[in-house]
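Presented below is the structure to which this report refers.
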Amino acid sequence: MAAAIVVFLAAAILWSAVNLLKEEEKKPMYRVSVVVEDSGSERWTAFRLGIDQAAREYGMDVTFAATGSFEETEDQKNLIGQEVQSGTQALILSVFDSEEAGSLLEGISSGIPVILAETDAIRPEGPETAAVALPGREMGRALGDMLLKAGVDEPSVAVLARSRERYLEMEMLEGLTETVRAAGGSLLVLKEGEADPDVLLSRARTQDLIAVLDDSLLVTAAALMEEKGLKKGKLYGVGCSPSAVTALDKGIISGMVIPNDFTMGYQSMAQLAGYMAKDLPALSDIQVGYTPVKTEDVHDPDVEKLLFPLVQ
Amino acid sequence: MKDRIGRDLEKIRKRLKIGSAGIQMSITLSFSLIAGIGMVLLGIILYSQFSVRSQAVTTENAGQFLAQTKRSTEDYLRSMRRISDALYYSCIKNKDLETDSLDPEFSLLYEAYRDDLVSIALYTEDGDLVSAVPVSAGREGVDVTDQSWFTDALGTVENLHFSLPHVQNLFDETPGRYHWVISMSQAVELSRRGLPEQGVLLVDMNFSGIKQLLEKANPDNTSEYIYLCSSRGDIIYHPRMSLINAGLYSEDNLTAAGRTDGTYMDFFEGTNRTTIVKTVSYTGWKLVSVIPHKSYSMGMGKSPYFVVLVLSFALLGILLVNQIVSGNIVSPLLKLDDSVKDLENGNLSPEIYIGGPQEVEHLGRTLKTSVQKINELMEDVLTEQEQKRRSELDALQSQINPHFLYNTLDSVVWMIEGGHDEGAVYMIRQLASLLRISISHGRTIIPIRDEIRHAQSYMNIQQIRYKNSFTVTFDIPEEIMDLCTVKLILQPILENAIYYGVQSMDGDGEILVRGSREGDDVFLDVTDNGLGMPEERVRELLSGREPDMEENASRHGNGVGLNNVHSRIRLRFGAAYGLVIESEPDEGTTVRIHLPAIPYQNDLETMLDGRKGGGSEKKR
Amino acid sequence: MKRCRRYVCLAALTALVLIFLSACGKKQGTGDIRIGVAVYDEYDTFVSELTEAFLADVAEVNAVGTNAPVSVVRYNAAQSQITQNEQVEQMISKGCSVICVNLVDRTDPSMIIEMAREADVPVIFFNRELVEEDLMSWNRLYYVGADAFESGRIQGRTAAAYIKEHPETDRNGDGVIQYVVLEGEAGHQDAIVRSETSVDALIEEGIQIEKLESAIANWNRAQARNRMEQMIETYGEGVELVLANNDDMALGAADACDSREIPEEERPAIIGIDGTKVGLEGVRNGKLIGTVYNDKEGQARAMLQLALAAATGEGMEDLPLTDGKYIRLPYSEITLDNISRLGEEAP
């Protein structure tokens, strides 16, 4: 009997001493790499802020791989490979070419959870991949609604888009087309690669309204329009970078559909944090919201908070 | 009550199949149990006290910290107010807009406070810009009269107004650049051409000023935090502002804003928390400190483990000490117990342990003495038994003296041959009576009456044999006839009297048997006037020397002797009784038999036998 | 028996302690090289162009393929040294192997140097130079930039050359060039040096000058415009030459003239320093008479090389370090004449 008690007490001593000493041990910091095209572009400003906020809160170590513009999927794949080799434990990606997303993902070894940002059309399998996506079609529709309220009946709309396939853009285009056509308008789609921005813009100006589906394109278009002193009231688009916001503020862009990139970044990280800490059994797809904003709304207190993120 | 507990403990013990606990285990367990329970209780009480205290201390600290933050905020706002006041009273009031430029002073103050300010601007009540630093190009299409700082200032002219944080929308900035500011505005009196006008002085404070101040109040590693909101509940600064703005987090700011200063207990979004509210002066902003209750236990951190460690160590120590101490008490007892076991197992002279505490030593000593005593008593009993057996044996022998029998029968034959039939019949009757009493149903104790009759029978026979060479007289009072005596005590004495006393006296020999009672004593005296014996002989007779059978047999057939009678009497009745011999050579001898006066009863013998522990019933 | 057990417990405990300590001592090795970049103000044109060049270089390094990919964390201090100190702290805690700091307050690098030294993280200061004593306080501090004296001198000489070629600059014909200076920041070394040496160079070149005013515009175009407008208010046409410490301010001065709709002939000669994209644009379209090219590409490249060398420990010897700490790239003058040449080189 005595022996049993002594053993029990000895075990208790060991257990509590071990736990006391354990306080030196720090919580493990998970490493996450974010691989997106043109990491330095201000298009990612809000996204970065969301990611950084989550990194601070969940104690994670985030690296934004420094990238320029990708020529092809291989570029992104190589970079991902480098990051994986250097010991990253999770990835957040904005897929360069949505068509080739499959091949991009297959290169990534298992055990590394991946969050695909922006679009969920890729629909990956398995608990280790999920999409934190923007509702492309809805955004397209919202943009269409804004266009229709521009005061032109049955407007003809020039749509400027990037040349390569991005599911998000395609969805937005669908939504936009739907809405505009339903109101009796027409669309002219111009792809970036077809000509110089200058030329594209002149072509676009032949239409009543211009809608630009990509942030950097939108900023370029706005800059061009400002330079040329073109009439305001025609330019609309989807964007979130500070330059785009300034252009919106100045009225060069009359209306913009702004994706909640901050939320996108934050939720991507939050999911990864939960999954890697074993609190979540699997990653799940999340839909992020958007906000349509017109120039006159820019300084609305609630809109301001969204458009002008507090830089930490 | 105690019995019940005892019984219950027994039951428990049986259920648990624990063997009946030894002393050591009992002491150890009970003491350890009490100490253990005591410590655990103490630990729990102390721990809960500690945690209550630490909760109170944490809350107090948070309150003090909040007070400090409040002071810092107020200091900051005050210094900002001074700037505005300085601009107004030392600059604007003294200038005429028509002729004077405000730029030098504005630039000076701006440069001096560049870290805290974004811009200084002066507007007329129509919203026209009078002067601004550092940038003065107003933004196209912006009408300041709509902006809240403007309307607030003109709304309450005597006060300085602080706005909520917002993005400055006044000037033409570098593209992409924006400033979060808190606008400090007041209505001012302007002079133009000597005529007074109303205007608004706007000092835009860099939001980072307040932000940094409050960031310092929100260290990263705790779950407590402080936030600032307006009197209406709009958040000015919150450590998780960006999340709140994005709709990913919610805070109880509206409730907090409605409260007066104090400490409150809240339940918000599933967690318990303590909220402390303090109001910042002049602006009416609320500084709110939130302490989620789980942060109390975080502060406790490793304490539970520490407590367990200490408790376990202590319990282990107690157990150890118990073992040692109880060992000291218990091991002597155990050793003593071993000695007793030894005794039980049949070792009649075991090693008795003497040692340990006083009481145990005393027990040991007593045990030792007892064992000795027992041994002695046992020896005594053995000796007694031996003697008794021997005496019985002797008595048995004496019951049937072959020589006497033989001789008597011989005499009878002679008589019959001689034709003396009556004499033969008489002899045989006397012999029968003698033999009957000799046997006496195997009893050792008979009434004196019977003993006298036995003696008379014997003497009758002897007289005939010895042809009346002596006379014998019996003088026994009736009152002692029914008292007890050991049987066959007179006959050997009479025999001696005959053989050594009067045998050779040729008819002059006289033997007198007289009985008397004195109180509780009975005396039977056998007196003869014969040869007597010397002192030494007397001593010898009663010396207790083993009667040599053969020697006595050669002395005329009496194998028993006076010593035997003496021993038998003493064995039966005790050392106080027995024979006393007085003798004068040539004069005579008196053998006095001293007996206790005990009335004879039939079952007396059994009683006496029983008392003495086995009598002649047991024949070896 | 109990003793025995006790000793076993102690032994087990000691073993556990040792294991834990050794585990703690081990640091997680990261596979990539992390460079932290902290700029004093992301809206400073030159600094942002420099940073972009730096990032482009990093992307190139990654694209070529390396087993230790380089990543960059960027911070903007928004002109607050306190913020920058916090940002440096964050960079160090995020595991940056080297940090590049563009100081907000050049007189106050002590906190940053202390933190870096404690964490043994090398620091490359760039573009805003700290005093030599501070730079010498630790052997893993470096500076990449350019020689402010040189820039001022070149500016002065370029202006002098222009004035000699274009005598109409002296509008009031008094043989003296009335000038104003648009200065960077109060107390900023580059600003002070540029202003002084520029003027000295002019004098050396034999130009007679008269200072009308000098104003602080914090390197900022909009502020410079404001100040210029005030000066135009005060001096009207009297301003013949505007010496701006940087292109942004020079352009601000030009903006002021534009907004006042001052005709060509009445505008002062404006010259800046930096050779930013917009600055070069200004030279091309005649708003500025010239500028001094601050080799941001070269500096970016030098920074990256130095950063990689400092982080990996290899290749230090190959770098052109002055006093083991400084890399200063030379300036070159830019005027309308030679700008086409530059146009090919500039990215």
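Remarks
As written, the chains take the letters A, B and C, and residue 1 is the first residue of each chain.
Everything that follows uses one rule, which is that a residue touches a chain if its C-beta (ideal position, glycine included) is under 8 Å from a C-beta of that chain, and two chains touch if they have at least 3 such contacts.
As the structure is a computational prediction, the values presented were derived from the model and not from experiment.
Across the two candidate interfaces, B-C and A-C, the one carrying more C-beta contacts is A-C. Closest to the middle of the protein, by Cα centroid, lies chain A. Centre-to-centre spacing of chain A and chain B amounts to 73 Å, using the average Cα coordinate of each chain.
Here the CA centre of chain B is 83 Å from the CA centre of chain C. With each centre defined as the average position of its C-alpha atoms, the distance from chain A to chain C rounds to 31 Å.
With touch defined as above, residues shared between interfaces to two or more other chains in chain B number as follows: 173, 176-177, 323.
Residue positions of chain A touching 2 or more other chains, listed in rising order: 6, 10, 13, 17.
Contacts with at least two other chains are made by residues 2, 78 of chain C. Of all the residues in chain C, the ones that touch chain A in their complex are 2, 5-6, 9, 12-13, 16-17, 20-21, 23-24, 28-32, 34, 52, 55-56, 58-60, 62-63, 65-73, 76, 78, 94-95. Taken together, the chain C residues at the contact with chain B in this complex read 2, 43, 78-80, 82-83, 186, 216-218, 220-223, 225-226, 229-230, 259.
Chain B makes touch with chain C in their complex at residues 101, 103, 107, 111, 114-115, 132-137, 171-174, 176-177, 208, 212, 320, 323. Of all residues in chain A, only 6-7, 10, 13-14, 17-18, 21-22, 24-25, 29, 31, 33, 39-40, 61, 63-68, 75, 78-79, 82-83, 85-88, 311 touch chain C in the complex they form. Across the complex, chain A meets chain B through its residues 1-2, 5-6, 9-10, 12-13, 15-17, 19-20, 23, 42, 49-50, 53, 56-57, 241-243, 245-247, 249-251, 260, 262-263, 266-267, 289, 298-299, 301, 304-310, 312.
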